[in-house]
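In the two assemblies presented below, chain A is common to both, partnered first by chain B and then by chain C.
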Partner chain A sequence: MKRAFRIYFPFINAGMQETATYRVNWIFYILGSVLGCFVSYFIWHAVFLSGEGETMNGFTLPQMIVYIFLIFLTSTMIGSDAAWAVGEEVRDGSIAMRLIKPVSYNATFLFQELGNKLLTEMFLVVPLIAGLEIVRTILVGSLQFSVVNLLIYLCSCVLAYLINFFFNICFGFIAFVIKYLWGANMMKNCIVGFLSGAIIPLSFLPETLGRIFMILPFASLNYTPVMIYMGVYQGAELLYFLGLQVFWALFFWGLSKLLWVISVKRLSVQGG
Partner chain B sequence: MKQIKRLFRIHRIFVAQELKRMMEYKGDFIVGVIGFLMVQCSNLLFLWIIFNNIPSLMGWSLNEVVFIYGFSLIPKGIDHLFFDNLWAIGHFTVRKGDFDKYLTRPVNTLVHVMFEKLQIDALGELVMGIALVCVSLPQLSIEWSVLKVLLGIAAIFFATFIFTGIKTITAAVAFWSKRSGNIIYMVYMFNDFAKYPVTIYNEFVKNLITYVIPFAFTAYYPALYLLTGENPLYNVGMTVLLSAALMSLGVFVWNRGIRAYESAGS
Partner chain C sequence: MIQVENLRKEFKKTIKEPGLKGSFKSLFKPKTERVVAVDDISFEVPKGEILGFIGPNGAGKSTVIKMLTGILTPTSGRCTINGKNPTVNRKSYVKEIGVVFGQRTQLWWDLPLRETYGVLKEIYEVDEKSYRERMAFLNETLDLESFISSPVRTLSLGQRMRADIAASLLHSPKVLFLDEPTIGLDVVVKDNIRRAIEQINRQEQTTVILTTHDLADIELLADRIVMIDKGKNVFDGSVGELKTRYGQMRELNFVTDSTDPESALSYREHFSLDSEDVSVKREGSSVKVRFNSEAVAVSDILAYTLATVRVNDISVKDADIEEIIRRLYKQGVD
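Moving on to the complex of A and B:
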């Protein structure tokens, strides 16, 4: 354990330094992405004004606002560039360098990214949650915030991040087949966005479809943590969905190991 | 005149080169186009599901919203198809010191950058935009006249250069800061507001996308003119005016940037 820490701590550190260097760039990126939330906000605002009644598929407008911004927060927190990184290395052959080093291939990525995230997320979570709760309190008239939900939400995000990380590692191996990672990545993000409830809450979908999506790993990425924060999942249901997250995390971890073994056998690096 | 002829010839050569490259990687081309198509499809699915829950969006019917959305994709797609290389300037060309090559060529740097790449992925957006306009048109009772068709085409042409102008200005920031990719991204994201009728926004956002970062003139206002026939002088005229203004500003900032540019790298 101690040894592992000594090996991987420099990767965390490197990740943090990387983010600190490009912080201005990151701020503009976040600002741009937040704009997308405001577009959604205005659309939903108009939708609720145009619809009859206060609730729509179980959502009130204040809940929808919380949903939009939390989906954004969650997807930023669990976001992983692993697919990109693996794919690039497969393509340009630098994966060979990783093979000769006595560290776990996946773990180096994981810790470097964690370093990245530690810095960025502290700057994002606190102001966003605080701002959101202030707005919600004003809209609803009473404080809805629950510390317990927030804590379980953060745990659920960690699980979601692990699922996403290992899923992306698996996806990165697609570079063996598709050379154009940028396009493939866009397709993946689009599908994941839809299936994970990031584009529209799953409860707006036809019931059977929604139920199927709920079991698929993608709902575990984004929908589950947000529902936990909003207090929709309670008791046994909560445990079920957390368990499902653990299952998918283990599943993709195993799959990434398997793909790694297969790929290394197939790998032929050009040049050198 | 002779110079313009020369530019067209250069463009042809660059495009031919790009097409050759593309034929080499046919798979990439298909993946990219399908990727962009899928992004648009998921947005449409979103609209469709929303409209299943409400009769109209603050008075706008699904067909009208789809028409505006589709219209917005056309100039965006054209700009994306031809002038996508500006993104690269902001993201890495300047930072990696690769910009030097443009300075050594006997062509205007901005022209060279713009002509160099053809982003075929954009066909996904362009095809989708045209398809949406075509699908929604028969359901809408629009009175067509020759003038309207001509103004519609003009609006698409000039709206394209609103995108290009804004991209040029923000990309040129990289000449001072070495890296402006995410500034382009941030400003570009305002375009998302313009895909929907601006009446759903509050005054602040409405003014912002009309006067400050005038993406509303790439879609909503010209589309409004086509839908209603109202006020062509403002709805289309402003598109022309802003497009010229932003493009001129873009050229100005770019040239200042070139003068301030110090090569990066070793």
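Moving on to the complex of A and C:
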């Protein structure tokens, strides 16, 4: 364990330095995500104003606002570019350079990406949670913040990230067959966005459909952590959804190992 | 040290018909074809040897190197290095080898060079003391000091290549694979790199496999040559053997003040040679005669030339490895 840490810690470090190198790109990335979040806020605000009652599918306007901002925060926290990164390395052949090092292929990606993310998240999580709670307190009239929910939420986000990362690695291995991943990646992002509740809350869907989606791994990515933060899941239900997250994380971890063994045999390094 | 037996690699290749129409066709109904990149190659390399691995572009050199380094899985055949199979236990195998691909870099693009070495130190579990000694040594042989604090993306090609070679040597590998380590470099950097390779090979008995298109690399470094063409092994032996086997052609150069040396000298009739065995070329007063030293002895041709025309300056050039290889690449070997 200690050895593994010594080997992979430099990747976290390298990831952070990479992010820090392109500062302007990083600032634009954060600004861009925040803007997207506000667009989504105004759309839902308009939807609520045109609606009849106080609530919509069980969501009040303050809850909807919290949902939108939390979904945004969760998406950036659990987001993973691994599929794209694997795909690019396969396309330009630089995967060869990773293979000549005595390290696990998946683990180097994981730690490098963690390094990339750590820096971004540090600057996003605290101000966003604080802002969110202030707005919520004003809208509802009393303080709703729960430290316990926040802590469980963060744990749930870590699990969600692991699911997302290993799912993306598995997906990235498609590049070994189709060589260029751009189109497939676009399609995947769209479908995952819908299935994970990032576009509309899963409880807005027809009941059977919603129930099916809840079991699929994608609900574990966004919807579950957000519901935990909002305090919707309690007691046994909470444990069930956390357990489901652990299950999917292990599932995709195992699958990625299996697919790696299969796909590395198919590798044909492109370009010299 | 290194045993390669009947190594073979096939690729599936999609064939696209030309033009936009062809693109559409291959979008819906791609045609594939099997391409044999490496076809039944065998050789052995003993410990401490520098093996020059040569062949024309597309001969399959890089594919062989990629199989030896565990990147590609052979379609059939076996390679054993240090008693290990590269594809079976990749992580423990690559710990003992160093690899440089001249056309790619293993350095972190956005990190200062020093940090890359720090990362490699942890990955290869090099302890602090040997790391410091090693860095001092590499610094001296490859002269890294002036750019070790710059991010890799700002290095020139020559600096990057030296840095890459240093990175491949940091953990004192037993085997070093160099795939075109001198590609695109100037004369001074080439010299520098050759010296470093030679030094490491001598001091540490590192086995080196080197592919290159610069035959000076081969002449200066390689103990032995393996030449492949179209995926097949066509020559295996020392530089001297290559010369005796294919290098019978010598070149006689002289300067004369006689006005028409060609008509005075008739090598073909005098020695009754075939037209392939001798050719004469004149530029002003200097004459170049290429001849097959097996068909006619050097001393005979010299004596005849000196007796027939007045010669000011005369020299016989030894078989030139570049000339031999040019001929071999062009015609292939039968």
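Keep in mind that, in the parts below, the second predicted complex is superposed on the first by the 267 of 272 C-alpha atoms of A that agree within 3 Å, B and C clash if a C-alpha of one lies under 4 Å from a C-alpha of the other, contacts with A are read in each partner's own complex, and residues count from 1 in each chain.
Please note the rule applied: a residue touches a chain if its C-beta (ideal position, glycine included) is under 8 Å from a C-beta of that chain, and two chains touch if they have at least 3 such contacts.
Just so it is clear, the model here is predicted, and its values are computed rather than measured.
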| item | value |
| --- | --- |
| Partner chain in contact with A:31 - chain B first, chain C second, else both or neither | first |
| Chain B versus chain C as contact partner of A:150, first or second or both or neither | neither |
| Which of chain B and chain C A:9 touches, first, second, both or neither | second |
| Partner chain in contact with A:158 - chain B first, chain C second, else both or neither | neither |
| Most chain A residues touched (candidates chain B, chain C) | B |
| Touching partner for A:180 - first (chain B), second (chain C), both, neither | first |
| First, second, both or neither for A:102, with chain B first and chain C second | second |
| Chain B versus chain C as contact partner of A:190, first or second or both or neither | first |
| Where chain A meets both chain C and chain B, residue numbers | 22 |
| Residues of chain A touching chain B in the complex | 22, 25-26, 28-29, 31-33, 35-36, 38-39, 42-43, 45-47, 49-51, 56-57, 178-180, 182-184, 186-187, 190-191, 193-194, 199-200, 204-205 |
| Contact set on chain A toward chain C in their complex | 3, 6-7, 9-11, 13-14, 17-18, 21-22, 93-94, 96-97, 99-104, 264-265, 267-269, 272 |
| Residue numbers on chain B that touch chain A, as the complex places them | 25, 27-28, 31-32, 34-36, 38-39, 42-43, 45-46, 49-50, 53-58, 121, 179, 181-183, 185-190, 192-193, 196, 200-202, 205 |
| Parts of chain C lying in touch with chain A, wherever the complex brings them together | 11, 62, 66, 69-73, 90-92, 94-95, 97, 99, 101, 103-106, 108, 110-111, 115, 118-119, 122-125, 151 |
